[in-house]
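Take a look at the structures below.
The following pair of complexes shares a single chain, chain A, combined with chain B in the former and chain C in the latter.
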Partner chain A sequence: MIAGAYALVQEIAKESIAISLAAPAIALLLIAVVKEKFSRAVGVASTGIVLAVSLFLLAYLYAGHSIAISTSIPFISSLNINFEMGINPISFALFMMSSIVLFATSFAGNVHRTRQKATQFLIVLFQLASAGLFLSLNLFIFFIFWDIGVIAMFFFINSLGSESRKSAAMKFLIYEILASSMLLFGILMIYFYTPVHSFSISKIIANSGLIPIGEQAVIFASLFIAFIINMPVFPFHLWLPDAHTEAPTQGSMLLSGILTKFGGFGVILLFEMLPISRMFGNYIAALAVVSAFYSVLVLMRQDDIKRIIAYSTITEMAIVLFGISEFSNFGLYGSVYAMLSHGLLIAMLFLGAGSIEVIFNTRNIHILKGIVKNAGLVAYSMLAGIFIMLGIPLSSAFIADLLIFIGAVSAFGLAGLAPLLALLLVGAFLYLVISRSFMSTGKYTRAVGSIGADQRLAFCVLLFFIFLFGAFPFIMLGVFKI
Partner chain B sequence: MGNTMAINTINNISYILLILVAMIFAFSVSFSLIRNKRAKFLQLAVLLALLAAASGWLFLANANAVLLNLFHIYSFSLLFTCLFSILFILILVLSYDSEADYFYTIIGIIATGAMIVPMAGSLITLFLALEITSVATSFAIMTKNKVHLEAAMKMFILSAVSISIFSFAMVLVFPYSPQLALAGLASNSAVAGNYLIELGIALFIAALGFEAAAFPFNLWIPDVYQGARANLTAMVSGINKKIGFVAMMLVLFIVFAQYAWFFSGIIAMLSLATMFFGNLVAMAQQNVKRMLAYSSISQAGYIMIGIAAASGLGLEASIFQIIAHAFMIIGAFAFVFWLESQYGMNTISDYDGLTQRNMFAGIGLSIIMLSLIGIPPLLGFYGKFLLFSSALGAKMAALAFLGIINSFISVYYYGRLMVAMHRKTNKKHILISRNTAIVAGVCIFVIVGIGLYPEFLMQAASIAARALL
Partner chain C sequence: MFIYPIYVLAPLALAAFIALLSGVIDKKSGLVKYIALAAVVASFAITCGIIAQGSGIYELRWFSFGGIAFNITVSTFLLNKILLFLVGLIGIAIFIYSIGYMDEPENQNRYYFEMIIFTLAMMLFAISANFISLFIAWELLGITSYLLIGFWYAKAKVSEAARAAITTILIGDISMLAAIVLFFNLYHTFNFYTLIGMAPSPLAVFPLTFLLIAVFTKSAQFPFSNWLQLAMEGPTPVSAFLHSSTMVKAGVFILILLLPLFAQSHMLWVLLAVGLITAVFGAMNALSENHVKKILAYSTMEDLGLMIVALGLNAVYAAVALFIVQTFYKALLFLSAGYVMKANHDREDIHKIAVNSRLVSFSMLAAALSLAGLFPLSGFFGKTALGIAARPNILVYTVLLGIDVLSALYIFRWFFVLKKKKKESTTVRFSKLPMELGIGIVLALLIISSLAMYFAVNYREISILRINYTENINDIAIETFLISAGVAAAWLFYRKRDIKALSAMEKNPGIAGRILYNNVFIWSAYLIVAGIIAAAANAVFYFDRAFNRFTYMLGKLALLAGDALSAFENGEVNAYIAVFAAGLVFLVIFFIIK
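Let's look at the complex of A and B:
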């Protein structure tokens, strides 16, 4: 009996990759044919199944099982391209985060409850892209899923966005296609200049030392630009605030929650693949610090809640880049933890911003007064979110910052603590916002709409996981084996 | 022994293609005696379908037959005969409702020429087939009413220029092999490398550049595309231009195979200029047909990357992209044709809110635009992927990089159309005719279907490329 159950567990673990790709693929076809009112059920089922799979995998991996789950199917055999998928600790953490965010988005993200079918179709398409991207072990497959994700996000902004979305959608498309063009050039260069002629990441890591140094620099430049456009890092960040302003709530949740992590994940892969990247470590760290401070300074001039949160994304991703550029285990896993934490947090904050817009019909912090009276849960969740962003203990952000800055001190000395100041400034400004508009007393903005039980549940789900990974860090750290 | 006999049988069967092409010609001439439009359509469509089936089967059977040094039927020509037959059927379906009776005669003659080009075994055959196609095409554009006269005239004059340059180039290589058979010329001209041959190569490139719309021989394209009816624009961009590339590959890779070092550089420069010209000018266009015209110029530039690479992978990539672009552009023009002729939609702002007015048109056209940008997993991506790979494989990293930059530039104008199509509107609903829906549906099915499993078409392109080299 027990042996049978154990065999079943093994079987599910083995098929987990297939399930997490097949569920959205089937859901896509289903949503295309079912009626509008059933589409949400299909979307929630698809994201729910994958969330269940990832929680199962979390338990499975935490129980100490081997992590070597991988599959390889020939895709284009004439060019030696295989459909290689696999799970490793880093990709698992991001996969876990994406499945939670996607689940929350699919049942609560559509705050306005309009155009359900298009919303769910795009969410499921994005789910397919993110699962495929985080689990791919082949740069060609990585590229394909990257572009699917970008296009799904483009249609979020372009089809479901606000009235004045035209230029934001265009800006997003131009920046992101520039990123994917650079990515394509980089991976083609890798393919032709590694002696094995392969897109397989493991083979590239084994052979990348043989690429001539000049070509390595070209590859590094093109891939690095591609990834920091996507993250985004100063000076390539201009698309993000506009995209967020015009995107619908569900689009913003996925955009900052998951799409920006594509770039972070890419930078980790890049640093793993190319030995030359160690040479640029300090410069990249400096760029990250500049980006962090720049975004904080711009953030202080904003009065739209969504733009404020958007700029805080740039700050957070700069700290992620800073962590990766330390080239230590602390920095690397700290960055992964930061991405895990930030994905959950930012999805919750954007859900809050969307809810505020629905309830009060404005997102301007100068107009909003005392919203804690009419939208208590939203205001307190946002408040919690700001404290989490500052990295209070028991939240996942605390663990992330702890790991990153321990690594930073050993890599750069005390100067490594500089980005903490940026974080502090974000927190101070957001505290001002909260105290002036959210928690102020005396004047109260009148509520014109309301949010449903599903949005309330989504706040709870996201906060639950943030504190789960914060209060019990050993779960994820056990998966990382550090 | 039995094996040899089987191969001989297959090679003998392959002459059936020539009989079918001759039948298309004969039928289309006799169409002037028939009044029933439906009968003409069916006769031509059935013949083309037979041709597609026969050449597809022979391609799989690996046929290789030479007739009188005038025709050479082998994998390369079979793949393109099959492709062109399918494309002509699509054009016939698209034009069924709107064209007059004599249209079928002209289209039959164009098809005859188009089928012979890939089968050409000598420069004479190539010359005649190209001329039949281009002259008949200008007649096709001219008929129906006088509005299209200017476009037809431009096409006619430029094809005349192209043909005259082609004949001068033929004169230059004539001394090396008076038969003008492609294979014979190859062995003779290789020995005597001199400036006459190099001038000949340059002139051939110029002549065929007119057909294929390479910079700087592409100035007729936008006017003709805009001036012609959109179903014919679909044909010019989907078939006529591709014939130019097929002819270019035949001449360069059979006759002048030894001169790859010489033409590779020329083609690379032309390819860069074509891409930049097409993309930069397309960005400024407001008219959708003109925008697609310039975009197809830039696509011609991409196709030439593969020819410049002058390798097996390069040819495979070019062949793949020719097939991919034919389906993409015919699908795009199928929509444009219907929207223009029935609803008078010309400019990008006319396309505002297309998705809301007709779901199929909006989403279908978006998929085609994404494929033209080169977004995976759609057909257009694999074409570009192979092309840029081939450039890198031939150590032309700069060409690959500039190609990718061009692919990025193109996102601006394709994206602008997509952004417009998905805006909100309160204009009336649009109906799409059955024929347009069938043609666009087939094209989108090919774009998505082969996009999900590209290996099949890559293998076919690779077999054709290896047959040519």
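Let's look at the complex of A and C:
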């Protein structure tokens, strides 16, 4: 019987990729046919199943099993394009994060349950995109899922957002289409200039040294710009704050939580694929530092809680880029951990911002006073979120910061500590916001709404995983096997 | 490896969990205070067990990455035991005192939850032996102290005071992380004791500087000292705990542990200078402040400054002596202050507070005498040890004597003004017994510690303080004379004078008062830094807006270009043919020329 159970475990692990893609695909069809009120249940089931699969995989991999889970199905044989999917440590960490965020998003964030069907459809579509993107081993597949994600997010903003959503959605689309076209251009360049003519990432890594140096530089530039538009990094960051301002809460959670990680993941892939990237390490690090300080300083002048959090995303993603540009295990895995941590954290912060809007009908920090009195859980969760953003120990952000900055000092010396100063400025400003708007001096904004138990549960789920990965980092680091 | 010292945290962790749970289930049950007290007593019992055991160092593998182990390391050496013992002792007194003090039933769960985590963090700090466990404790201390200082966030000024604290602490946290990372890159270890044994490196100056910034923020040294007096907005038991055995001592403690590194890198002068400046500032401001607790806060600044000076003189024994004695008198002063405030409708001005309890009067006197440093109270031994250590350096010695006079003066000003008869004395009803019990325990501890110090000096074989009465009689005489003079001056100036005249005089401090009350200058320096950051933020913000407009204009430009080009697509076949023909002609000419 034990042998039977073991065989079952093996079987599930083998089919995990198929389940992760099939669940959202089936859910998409189901949502299209079921009544409005059941769509939520379908969405929760789909994301819940994938969360269960990813937790199962976490346990399976932590138990020491081989990570070699991959499938390859011929897709367009004449062009040597295969439907290659697989799990490696880095993609698994991001997949894990995305499944938690998606699960929380599927049942929280939409307090009034407006337009459930459309919302759930887009969430599940985005789920399909993110699972496919993080698990793909083929640039062609990567590109397809990238665009599915972008389109899902465009409709999220364009049809479910607030008043001036159309222009924000269009801005988002223009930037992302630019990114997509750069991405496609880069991918095609790689395809034509590698001798094997393949989109398969493993084959590209094996043969990328054979690409002439000039072409490598062109490929690098186009892919790097594509990815930093998505991350986003200064000077391509302008779409993010506007998109967040107009996006619904769930859209924001997915946008900052997962979509920006597409870019981070892409940069990691790019640096793995092209040997020329190492030449640009210092410049990229400098760009990251500029981006971090720039976003912090702009952040200090914002009134809207969502815009503040949006700019903090730019800061955090700049630190991620900084970590990746160290070209060391510490930097790379620190950045992956930072993305894992940041995805969960930012989803919680946007959920908090959305809850504040529901409860007080405003997001302006100059109008809000004494949130803690009428929305205690939200206020304390946001406060905890700020502590986490600043990297308190026992939260996942601490592990990320520790690894990134240990790597940074060995790569860049004292200058490697520069982003810490940006973090200090973020903290100082956010404490000001907490002091003025969350705590208060006797004035309280009147509550006009309330959030349900499902919202509270989502806060707890996200915080639970942040502290799980922070207090027991050996689980995820055991998967990394470094 | 089996790390039994960490079990000292178990009762507290359990109690914190219960407090959190009962906060969710039943907000008004009064049970949580007894649970908290029981947890602290249990932790203290375990502490005693640890003290009875031998000393050792214990490691627990937390995680490993890249072949490097990130351990949670704890040790039970003498210093760890001393701090653990002090935290437990004072903790018990403070948790008893809190039963009387914190009589708002709806806030009790929050209060005890935060207090328990605070105690837990300090106990973890006391036994930590590497940077990982230290940093966990360090940040937990910062966060819980922020929550506790901002406990009554609805009152005016409170949330701003808490913000001042957490912002300063944040500077320390970031510096500490920087120091940890730099130390690790330099020496490849997180362990303090391995670190001390390492060969000195010229690059060690950088991590040590960051470590010093972290220490100065936590221990409220110049120029990071301002949060300490603002933190007085918190509940008094918190102030008592924060200023006596926890939080502010954390910085000094880590310096004591890592002092050899500073000595190797020739950085002791920094400690000496900053410590002296802070002590002088603290004493001056304490003399001109009227807030009953803020005077004590400035005095803590002074005490901490003196400890840092002792470390700057490489006199670890003097620093440890000051460290121990300060715990008792400062806790006693704060607990008494909290009692008299509570009995006077939470008034804060020393000119408006009357002291009616005998126990409290006696406690205040004993603590004030100890702070001033008069024989045979414990403060004497600390100050004398420091004085003797400073004797070779005449400049430092002179300044220290001046500080001694000032501290005698301000603490007896505090005492005499409080003790004056005030005309209005309505009684406030509150549960006095637990508070008096707490004060009584700390008073007893003060007396016991005085006796212990007395024996520690007199029995030569354990004369750890290096005080020799016959050799150092001159120093002792000078110091005692000056302190007595300070007390006498306070008597003449404050005891003799009528309260109304005094109050009026201190409302208009004049030029001397302004020099003394120089805290405002530090505050303006902060504002300048904040202004520079705000200006930078403004500049970048407007740049961002302009950049955004610029991208819009690019978009507009594309649209205009589209409009312009669309003029060509007008459907007139003749025009198309004309353009086509022109192109053909152009091509032919081009090929002919070529």
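In this section, the second predicted complex is superposed on the first by the 480 of 482 C-alpha atoms of A that agree within 3 Å, B and C clash if a C-alpha of one lies under 4 Å from a C-alpha of the other, contacts with A are read in each partner's own complex, and residues count from 1 in each chain.
We take it that a residue touches a chain if its C-beta (ideal position, glycine included) is under 8 Å from a C-beta of that chain, and two chains touch if they have at least 3 such contacts.
Everything numeric in this text was worked out from a predicted model, so none of it was measured.
Q: After the superposition on A, what does A:S164 contact: first (chain B), second (chain C), both or neither?
A: Neither: A:S164 stays clear of chain B and chain C.
Q: Once the shared chain is lined up, is A:F185 touching chain B (first), chain C (second), both, or neither of them?
A: first
Q: Touching A:Q10 in the superposition: chain B (first), chain C (second), both, neither?
A: Once the two structures are laid over each other on A, A:Q10 reaches no partner at all.
Q: Of the two partners chain B and chain C, indicate the one touching more residues belonging to chain A.
A: C
Q: Could you look at A:T114 and tell me whether it touches chain B, chain C, both or neither (first, second, both, neither)?
A: In the superposition, A:T114 contacts neither chain B nor chain C.
Q: By the touch definition at the top of the document, which applies to A:I406: first (chain B), second (chain C), both, or neither?
A: So A:I406 only meets chain C here.
Q: Please indicate which partner A:I174 is in contact with in the superposed arrangement: first for chain B, second for chain C, both, or neither.
A: Touch partners of A:I174: chain B and chain C.
Q: So, A:L297: does it touch chain B (first), chain C (second), both, or neither?
A: Touch status of A:L297: second partner only.
Q: Just chain B (first), just chain C (second), both, or neither: which does A:L414 touch?
A: Touch partner of A:L414: chain C, not chain B.
Q: In the superposed view, which residues of chain A touch chain B and also chain C?
A: Residues 174 of chain A touch both chain B and chain C.
Q: Going by the contact rule set out above, which residues of chain A touch chain C in the complex?
A: Contact set of chain A toward chain C: 174, 235, 238, 294, 297-298, 300-301, 329-330, 333, 370, 372-373, 387, 390-394, 399, 401-403, 405-406, 408-410, 414, 417, 420-421, 423-425, 427-428, 431-432, 434-436, 439-442, 473-474, 477, 480, 482.
Q: Using the touch definition up top, name the residues of chain A that touch chain B in the complex.
A: Within the complex, chain A touches chain B at residues 75-79, 143-144, 147-148, 151, 155, 158-159, 163, 166, 169-170, 173-174, 177-178, 181-182, 184-185, 188-189, 191-192, 218.
Q: What residues on chain B touch chain A, complex-wise?
A: 355, 370, 373, 375-377, 381, 385, 388-389, 392-393, 397, 400-401, 404-405, 407-408, 411-412, 415-416, 418-419, 422-424, 454-455, 458-459, 462
Q: Looking at the complex, which residues from chain C come into contact with chain A?
A: Touching chain A from chain C are residues 62-66, 70, 132, 135-136, 139-140, 143, 150, 153-160, 162-163, 166-167, 170-171, 173-174, 177-178, 180-182, 184-185, 206, 533-534, 536-541, 544, 547-548, 551, 555.
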